[in-house]
């Protein structure tokens, strides 16, 4: 455990932050620019995971286990969310026979 | 805590009751169960208690809000009896999901740790995604749930990122510690911490549909099954503000000035967009959605004025607002049935001629939403304005008042429709005893809480 | 305690009437309760109650439910409870929809108005202020005339906008009060507010009253509203509701923001005088009886506003006297206008004329009301206007001159109206027109007798308001 | 002294009886009741006269009740009985009685005769209030009351729009004067802290002569008087007022109401003595009116119009007297004028009655033989108004002229000129109506009934002998009338001029009058000229005169039209284009904003997400820069 922490700490924290921000941004851009719902779900997952990584790194640097516990929480919730999301997606496919998000724009104004 | 656990168990029980064919027992059972948990939660009134390594702090604040939400949920369930009679067949899940959502709200009112806040929000949100899509084969319901889901999970991601940043800065999830940590900078916070806090706030602001993160709410309100809309408009909003206040008011007071400024901007936008959006609205559910946004603006005003009685004002406001909203939704459903599925405002036409007493109650509730004495809506607005002006926030209060005037316009537009004669007479509107009772009780409550205004010191 | 009764009688009977089935029963009951209230009011007048009524209401905000009266409010209450029996009577024998609801709304208005005039607590005042507006809104909305929907909504929003600013002002004052805050007028009056605060607070408070009165240029809601209002609605609006504005101004502005009043005094006086000229001149060429009456009312009210802000003893007493006389006169005028409408089916001048041939008594009563409104001596109107002009004169000769122009302009347009409606040759279309019936006598004769009686014996009213007037001038 | 209350109350009683019972009363009852009550109050006034004489006091005050009492403003509803008010009371009630009786005959057969008498009684009541009031406000009550009655009676035949217009015109012109009057009263009050005559006049001494306050007060009061007594520039209503029945013209627009202004100024003589400027103004206005109206009178062809203009010009003479400070003389002329002008109007009425409603003197003529009584009485009145001794007019007019001479011979000349013109048009009238031969074939004139002629005779006697009330020292008299008034009215005492000049003046005026009368006789009887019909083109000046110098048209162009167009402008432009839309546009504007806001709700998710992200980024920037 100890050495893992030290191993993690070899890389300076800034790098982790930078990486995570990059990942997060990639996910965000994916959400913004992709039309396909599957991909959007994946981008969301990407964002969540970048958060996971960030929290893990922080917890290592702060040598505070709470962060890693939190990571597990996030995973579980993410899983649940994706499950729901996919089911909604299936329902939608059944109704409009497509997974393009912008097909759904009847509710407006 | 016992109330907490009991409610979870209740949810599971109701879920399993779904196997029994007889669905008319569901509503009584879940309502009854909620009454029990109401009693249970009232039992620990007065003394604080901490659970799970102090991650949950149950105090009068949380109990008060829990009780108010439980009451509202009970009312909704009673309405659900009639509503689901006619609509769906697999309704046990829906009851159960609502109960689960309720437990999520309990977390949101009583967290003292960001993890718990996160869990609460998710436990509330995920059932809502499903509930919003409750009508499996309805396109609109689909769209609602889908939009809600995409944007909700996006907001969650932002929220989490904020938590991560704050955690990175302060190395803790506990609000008190974060508070002390912030305090040591006396104003000059490091950007990471600031951005983190901002993201957290945004995550919550999304739930209470504060502009510019309100986009989901009109569409979802319109698309979702009316019952769910009612649930969202009342319980979810209450929970959102409880969390908001617990986060900002109790957790982070005094707010960092930048965050406060950002929140001011949000309040301003919320008031503006909410009222203006509702102005020319022809669909009643959307109208209520926008008005909900507008009310969020007022509530944020109450939160931001950071007065010691802000919490109780929030409680009063959210409670009477929910109390006035539910009968409106019920009447809306009745009118909708009477005019084969239309959702426009003009389904209220001729209501005064047809069922004048229902019309009168509808008017009372609309007046309460518009904030006209002696209804409780007025008292709530009065208190909020008092907090704001007392804080010295004069210009924003003036702005809020101007917006309130606009609000009066669109609510009274509905009243005007009520008094307009409708051309062709369609199917007669029939009201079940239970619904009538609900409408009357809520309206009486609206009036009573207005005339005898109360405040629970929390 | 008796004040509370004064408030409760119309309130309870109003609620009760709503559940009546029979038309005539409802009307009778309503009239009975209104008359009972009038009797009690007179009883209060003859042996005035020194102590008011007070009860805890909203503990945590330290807001009491306390009622009391002084000279000013006595005048207002007397006017209110005096007019309402006639207002209700004005509905008799006419075909109206849903009479029980209508009468209940009227009685609720009466209750609210009594509350407004008796409240000793700004919060209570505000609540009653709004409460008075709601039933009137519905009276206009349901029983009004052509395109009532848009007009009433506009009227409602307009007036409500004003009162919301008043609410702001009240809260602002409330949080200024020391210790555990309170909204008692007594506490407000003791506030020492810095001058520049008063200068803006003045308008926050005044807008509501200016719209209610209405003072130029906040008057645009009024003529269309009066025009389409049902007779009873118009009687309530013009007779009593305009007085709410005056009462509120007297209650709030002079004691609470005296410096603000001093600062804005000339502006408001000049606005008032502009209103006088403006309304009179417009009325001069107006082609519709009801709107002309509306404009004449506006002219009178504007003069009252000007006099109020002069705020010397003559002006204030004249103002309070004029409150009585104007209320009675305008109510009578609107009832007469409604009779014209009923008998001829129109209030447009070019369709009217020559009614005197078939209805001489109608013409005479109409003339008396007209004379009352153009302030002929020995009618109530003269005493009030003379004193108000005297007050203006004490301030400045020019105020008095322009205020006095109502004497001329009023004569011009009111006599024109009388001539266009009553005089002239018999029109063939009006062959069927009949003279007044007993109900009309019951309503009109008392009002007109009051108009003349108050003109001949005004002193009792002055004795009634002696306290108030002096107190007010002190406060200024 | 409380007997005095009866004087106004009796006519009021009459008003109530005839007014309320106007459906019950049979054809003549109303007239008889009304006349009897007025006669009664005349008797009461006479008894009052003697009571006061015997009591030896100069004046007495009878307080009815306290009308208005606020702060220092204390207005009792009280009557002042002194020599001036007694004189006026007797004139009002006396002449009033005669005219009431006359009206019984004149209004016989009119279906609204009852309300006619009700209004006449109401008028008498108000007029009595006016002359008996012990303070300016009670005076003002009567002042406006008579205005109202004149409005009602001018428009008595309400079916005719022109009459209604004339009535409204009269009322409004009076109102214009009244505004000045009431402002004057207010200034008076704020200067002296009282409006009661006695108190005001006591304190008036304190002010020094010619101070601005007193000048302003007197001028403002004068404005009221101008309106009521039909002086330039507010005289135009009086000729139109002839629309009313002839007795009304006689009572209101000749004998009593129009003299209210003179009464008021005489009553305030103390104030006016303090304001020389105002007095000069009055002189100018009075003289101008006298001559101007007389000139217009020359060319009128409506018998009542002629008399109307002569009334205006006679009132001008009274104002001249007032302006000269000869208040008692003015009141004396009021008295004599009341006699002969009432007589003239009633005579005219009798003529019109005889001619079956015809009022155009060009269509009359040769009535001397047909209406002997009317002719004789009319002649007496004409001689009186022309100032032929020993008729009453001679005394009063001669006193005015001599006063003018004392002031300034120029004034005398002008005044005399006016008198000559008066004489000319009066004889023109007389000749055209009674001499020559009848110019209308189809009417058969007949003398009026006794009920009309008897009052004529009484008045004839009065206007013949009335002058001897006030015989000047010149003729060995001692000015009984004037000296009687002196207790109530303080006239300016000019230096007494020697009798030779006075004789000379009288002689001069008599000679000139004789010439004028002969000239008129020559023109209208010898040559039997008849004024040209309306269709004939007259030379410019005569045309202007015939059209009353276009004053009405001028007023219409200068006041009525602009007011009307202003009214239209304010309503059509200001109200409907600025104020009203201002409010609506606020609403509309918000509605537009609302529409825009809703456009944000595009309904497609990507846009929402974009918006949210944009919001987030903006907020980040926001919090990082501040």
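Letters A, B, C and D mark the chains in the order given here, with residues in each chain numbered from 1 onward.
Going forward, a residue touches a chain if its C-beta (ideal position, glycine included) is under 8 Å from a C-beta of that chain, and two chains touch if they have at least 3 such contacts.
Just so we're clear, the structure is a prediction, and the values are computed from it rather than from any experiment.
Of the two chain pairs examined here, A-D and B-C, it is B-C that is joined by more C-beta pairs in contact. Comparing each chain's Cα centroid with the centroid of every protein Cα atom identifies chain C as the most central. Taking the mean of the C-alpha atoms as each chain's centre, subunit A and subunit C sit 67 Å apart.
Rounded to whole angstrom units, the spacing between the C-alpha centres of subunit A and subunit D is 100.
Rounded to a whole number, the gap between the C-alpha centres of subunit B and subunit C is 43 angstrom.
Mean C-alpha positions place subunit B and subunit D at a centre distance of 79 Å. Contact with two or more other chains is made by residues 587, 598, 601, 603, 605, 609 of subunit D.
Multi-chain contact residues of subunit B, defined as those touching 2 or more other chains: 146-147, 150, 154, 218-219, 409. In subunit C, the residues touching two or more other chains are 157.
Contacts between chains, counted with the stated touch criterion, involve the pairs A-B, A-D, B-C, B-D, C-D.
Looking at the complex, you find that subunit C touches subunit D at residues 154, 157-158, 217, 219-221, 278, 281-286, 313-314, 317, 354, 356-357, 371, 376-378, 382-383, 386-387, 389-390, 393-394, 397, 400-401, 404-405, 407-408, 411-412, 415-416, 419, 422-426, 457-459, 462, 469. Listing the residues of subunit B that touch subunit D in their complex gives 146-147, 150-151, 154-155, 158, 191, 194-195, 198-199, 202, 212-213, 215-216, 218-219, 257-259, 261-262, 265, 272-273, 276-281, 406, 409.
Subunit C contributes residues 58, 60-61, 101, 123, 126-127, 130-131, 134, 138, 141-142, 149, 153, 156-157, 160-161, 164-165, 167-168, 171-172, 174-175 to its touches with subunit B in the complex. Across the complex, subunit D meets subunit B through its residues 587, 590-591, 593-598, 600-601, 603, 605, 608-609, 611-612, 614-616, 619-620, 622-624, 626. Those residues of subunit A that touch subunit B in the complex are listed here as 17, 20, 24, 27, 31, 37, 40, 44, 47-48, 50-51, 54-55, 58-59, 61-62, 64, 66-67, 69-70, 73-74, 77, 80-81, 84-85, 87-89, 91-92, 95-96, 101, 104-109.
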